[in-house]
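Below: a set of structures, written as structure tokens.
Next, two complexes with chain A in common: one pairs it with chain B, the other with chain C.
Now for the complex of A and B:
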């Protein structure tokens, strides 16, 4: 019944971005699917957001130091306004994967630096990202590598590098963890005393040769005087690594999977798709741009409509991009970033190094209420340009309740819902009486009535999926 | 140290020459310690035998980070990053089949992590008067029309696959919780005029839900702004005035209705402050103080006020004399009547501040 090209474009934009308005979708369909994928993969061709303009109004949100909740406001503003949504979506992907939080780091600036690195290098080679992460002061402190000395090895970073960032549990021995950690001894950070009580000076990576164990190591069957980078090369040559990263990409971009700690015991839902991504990683030197191109153009991606529960960032950013009037820097930015927190995703403060549990675990009665109320409220604000455009479109379909409901579902997705849910919506529309588009009353007018239908639609279970 | 003040300790004024509680201002509890002058209502309850003060609460190797320290208090996992809250485990023990969606009520915009756990329904109430699904809809008539449709569309909740089933059940639970809680303010009247502060609003909301007899056993709320690195003297006074008067109003309200006997209130912060003042305030420290208040509490002081001798400080901070999980153990075992070991993650000594 629907327009397959439009549905597919909407799917691509939900996954590779934060959704798109109907106008944008139609423009993109006219350009073409593969062409849109290319555009998304080339953020450098888009005009970047004017971050300095934002900071001119809200300088306190730059380098928020230790001030709770303030650190991610700038990132939220970028996500709302970017013309290169995949670039920010990838930041979110890597932030979930290399989950690092102020809970321990207590220094927003360093985590912001990490996000900036994801923005700059996210489409490049995974190795380059890993090496940046290994030298990231926030990560070093988060996983105690500053306590990893030639004379006394601290295995925290070495273990998580293998367990969470590359291979996954079950593919290496405890000896490998030890040897890997030895290779990163002396990779530490330097810092100065803070500017103020609430503030922090920048931290910097420092390699201390005198604290580095340059001795011989035997790691995953290879023997040599490895340092950290050589260890990473050995790790990346393992098929297990490609499989593990493939599963992360699949779980984030294609369809919800079991939570990460269960991966060693639960096979992928679609083993062939994960294998396809793993092979692509191996063949292309873990070049993420190349692999994402293959994913977005694959059949399994195109068939995975609504196979993911939206994460809180997607709910908030997607809604704001849809309703519009969000371009100017505004004090509301911080409120919006807190909404994401209230829905269970305190950005830059994940609950642990494992990242957030995603998929259906985003939902509890409190968060479901927050999600529903947030979207329902914004979608009813008729003076927002995005909402006004939606209502203009709905006016075109006339007064038939059935046609209006279908048009609402279409413009909000397009969204496929079960027959009985659609029947409920139609009954509801009928119960509201005539949709009189010439009547502008906030209670009785056509726009008011259609707004009620839209609010019901965003409350649907089906609307929780991306 | 500026909350429960060791006023008789000569070192106190040496450490805090500027940011201190004046000798004539302290509200004396005994010959060693007294309370901050804005804690008059707490002093009165202490004199009535309803306040337990537990000195020197904390844990080893305080990270002095708000976030990490709150995580530790929430999860009882000081050595690793825990993801399940200790109170969620309490809720699960109290209501294993998740029958009552308001067994625990989190008063704030998001769920406190102490209450987060798999299959533990918790109502998250920012404001009891506007709590509910789709509350932005007005007028009332429209809201009830939309909600009844919502209910129909979420039912049958079961039978369309595990993810949809779970969503359906959660939506119905959320509505049920909102319906249950909506009755609370409607059936509530009180002669007590609560003080004007956000903490008083929260405690009033808690009183309303408690008095409605909905089977709620745990209420969680917070009051912020105690991170007084600067301007501590004014800020601390304002904060403790707000908290003390709100607590007084809350218990007065409950007592007037004969509903105070089965309530205790537990107060904590993630850490105490550095012993030396910084000229305007105090920085993050380690050992701190906890209070338990209510008719069920055996009033008095528990544990040891940590030594203030310079040689006994750890990086300028008081070394905790009792683990926070000890205090939790007392509450879980002696008040809730549950086995504390799996909830707090081990065996801890138990200060006996609950009346038998």
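Now for the complex of A and C:
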């Protein structure tokens, strides 16, 4: 196979970002793997995206309404333009973990605020993120904590905190759920102004002491007059929590796992790797930057090439960043945000608090067509600067169909595919006739013919993996 | 806290008058004065854009919709993004388009006449044109935003001169947006991504600049528009700081307006009265204060004939109107 350093860098950029062009990969290889990891872990060193540029052209995406179903377009635009891709990838990770949807919340802007918090604090301490989530108006409404009163406990938030956000099912009792929920009574919302006559206004968290159950609670073997923050401290001290978060990190960044609801009955694919991450979380006070550094530099990460099915956001954003000329806010930005939805990931509107089922479940007969058609169309637009650079590289290999196919596989991954698939690609390339690079015909020219090869490659099973 | 209804400083006073707009004007981003109370506005909606001609009289409630340009000219804005609007001395209406990279000309009643310009970087070509304003002689200045320059066209739409270029040095521009012409023909430009206002003479010669990035007095966060009144006072739409700042003709900071819309507009009031849940929701909040303030104001215009300032309060779908008071005397401090 090809250049191992380049393949590893491509792997890192697919997982810690949205992929990278061949030019970028070569630049990063020259800089070094560990140095690139450090750069990714320090988004503050990059010039931030100027979100005002998006709002200038799309004023109604400021506190976007619900009916359009594309309030996530601004986030999509950020992901296309960011110079700190791991920061946005972490937003995606936490959005999957703390899945909150506009279908119930009905205010995209409140979920955007949550995503903004992930962007700001995602590399920090997990406790800080949990406490922000506990006070997030979107989450409070999503999981009914505004209905959680001292005299009438609602267990929705307390249950999901334990089941989906920290420990995982099987590591606590129904009594723990009750006691946990009592500790969050009175964590509620201030009434907001209605939106219909002049647009949306912010929701604010409010703690109402008169509605808080300050009495004694017994939770996970500890007894005291716990409030919400003390409950979170007890949760984070549990090895089960570290294991659960570790499995989430492994599943998102390293290799596909079973779906979350099956975790209580299905052991991890790589228990040692998950334990390594869990230990790192416990030893480092759940400091995510520190833990991700250890993950990206670990042997199990470096060996996990193409062990994940790309999620729809990775497919769309990766393609848009690759082909280029996609940076400006435009109606296409909205269309592209819908493409992610069509492929099965309606950002800011997950199917439930459990988030999306990932891995192989991203693929069905409909979504596979959407994925391949989307990428195939864009990769054949020769005017796009990223595509033009790919074709310029391919011109360097001459006119041999075999060499052109191998170069295409190299520049689109590098991808390793089965022998029979490679042979079919070569046969197709041979059937196209001479690759005449001096012929610019949109039908007969070398670039047009190579587009067909690229379109076939993005349709391959292997291209669906990250 | 209820905002001040009269804002005064440095010998100037602005009295909050009233609000125009509502659900009918969602997505409003730009406005221009016509004749006989005509006000033209551009709207950037979710799936379509439009230009509206409305009447805005002197008193609260004196507003009505006259024409929707898209309705009068089916398909005219297809594939386009109307951005900013200006009215020529002969009362025709000119609208920039940020997606088709051209300018539309309509007559006063909204009948389409012609296109001016085309996409590109050459003279008379545009890349996302936005702000537009007419000089007294009928020539027009256009913010050619993504070419980071200002172009002056003749009344017939022919290219005359250009200036700017991407950069932050004096005379250079970064995504210019709104612009205006003062009483002696100088051109003031909202140098949006340089967070400043630049003043040029009619030939594009740099004269002066106001402001830099920040939230303090005299500082800007992505200014979107600028206006000058007959006294020479300068109004800057300080977009991302949610305010309008006032400077004297020398560019010295005088005061700021943060929005004072303590009452609903006629159209807003109708909506609220017709929706009991909205009424109840407004009555259960601790304060209506957030309703009073500007939210990302995109345009500021001074109506000299009525001596009043209009601010397009974009995210609140309305225009806030302030009367500039003359001969204002402060009440005694110890009253």
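Convention: the second predicted complex is superposed on the first by the 460 of 466 C-alpha atoms of A that agree within 3 Å, B and C clash if a C-alpha of one lies under 4 Å from a C-alpha of the other, contacts with A are read in each partner's own complex, and residues count from 1 in each chain.
By our rule, contacts are C-beta pairs under 8 Å (C-beta built on N, C-alpha and C of every residue); 3 or more make two chains touch, one makes a residue touch a chain.
The shown structure was predicted, so the numbers you read here are calculated from the model rather than taken from an experiment.
J.: Is A:461 touching anything from chain B or chain C once the two structures are fitted on A? First, second, both or neither.
T.: So A:461 only meets chain B here.
J.: So in the superposed three-chain picture, is A:192 touching just chain B, just chain C, both, or none of them (first/second/both/neither)?
T.: It touches chain C, and chain B stays clear.
J.: Is the number of chain A residues in contact higher for chain B or for chain C?
T.: For chain A, the partner with the higher number of touched residues is B.
J.: With the two complexes superposed on chain A, say which partner A:60 touches: chain B (first), chain C (second), both, or neither.
T.: In the superposition, A:60 touches chain C alone.
J.: Answer with first, second, both or neither: which of chain B and chain C does A:338 touch in the superposed model?
T.: The first partner, chain B, only.
J.: May I ask you to decide whether A:214 touches chain B, chain C, both, or neither, giving the answer as first, second, both or neither?
T.: Neither partner.
J.: Counting only touches as set out at the top, which of chain B and chain C does A:380 meet: first, second, both, neither?
T.: Only chain B; A:380 stays clear of chain C.
J.: Could you list which residues of chain A make contact with chain B in one structure and with chain C in the other?
T.: 68, 197-198.
J.: Where on chain A does chain B make contact in their complex?
T.: It comes out as residues 66, 68, 101-104, 106, 197-198, 309, 338, 341-344, 349, 351-354, 357, 359-361, 363-370, 372-373, 376-377, 380, 418, 421, 424-425, 428, 431, 443, 452, 455-456, 459-461, 464.
J.: Quick one: in the complex, what on chain A touches chain C?
T.: Chain A reaches chain C through residues 50, 52-53, 55-60, 62-63, 65, 68, 190-194, 196-199, 201-202, 328, 330-331.
J.: Along chain C, where are the residues that touch chain A in the complex?
T.: Where chain C meets chain A, its residues are 22-23, 26-27, 29, 44-47, 81, 98-99, 146, 175, 177, 192-193, 222, 224, 239-240, 264, 268, 271-272, 275, 277-278, 281-282, 284-286, 288, 290-291, 295-296, 298, 314-318.
J.: Of all residues in chain B, which touch chain A in the complex?
T.: 63, 65-68, 70-71, 81-83, 101, 106, 109-111, 113, 118, 121-124, 132-137, 139, 142, 145-146, 149-150, 152-154, 160, 163-164, 166-168, 170-171, 173-174, 177-178, 229-230, 278, 281, 283
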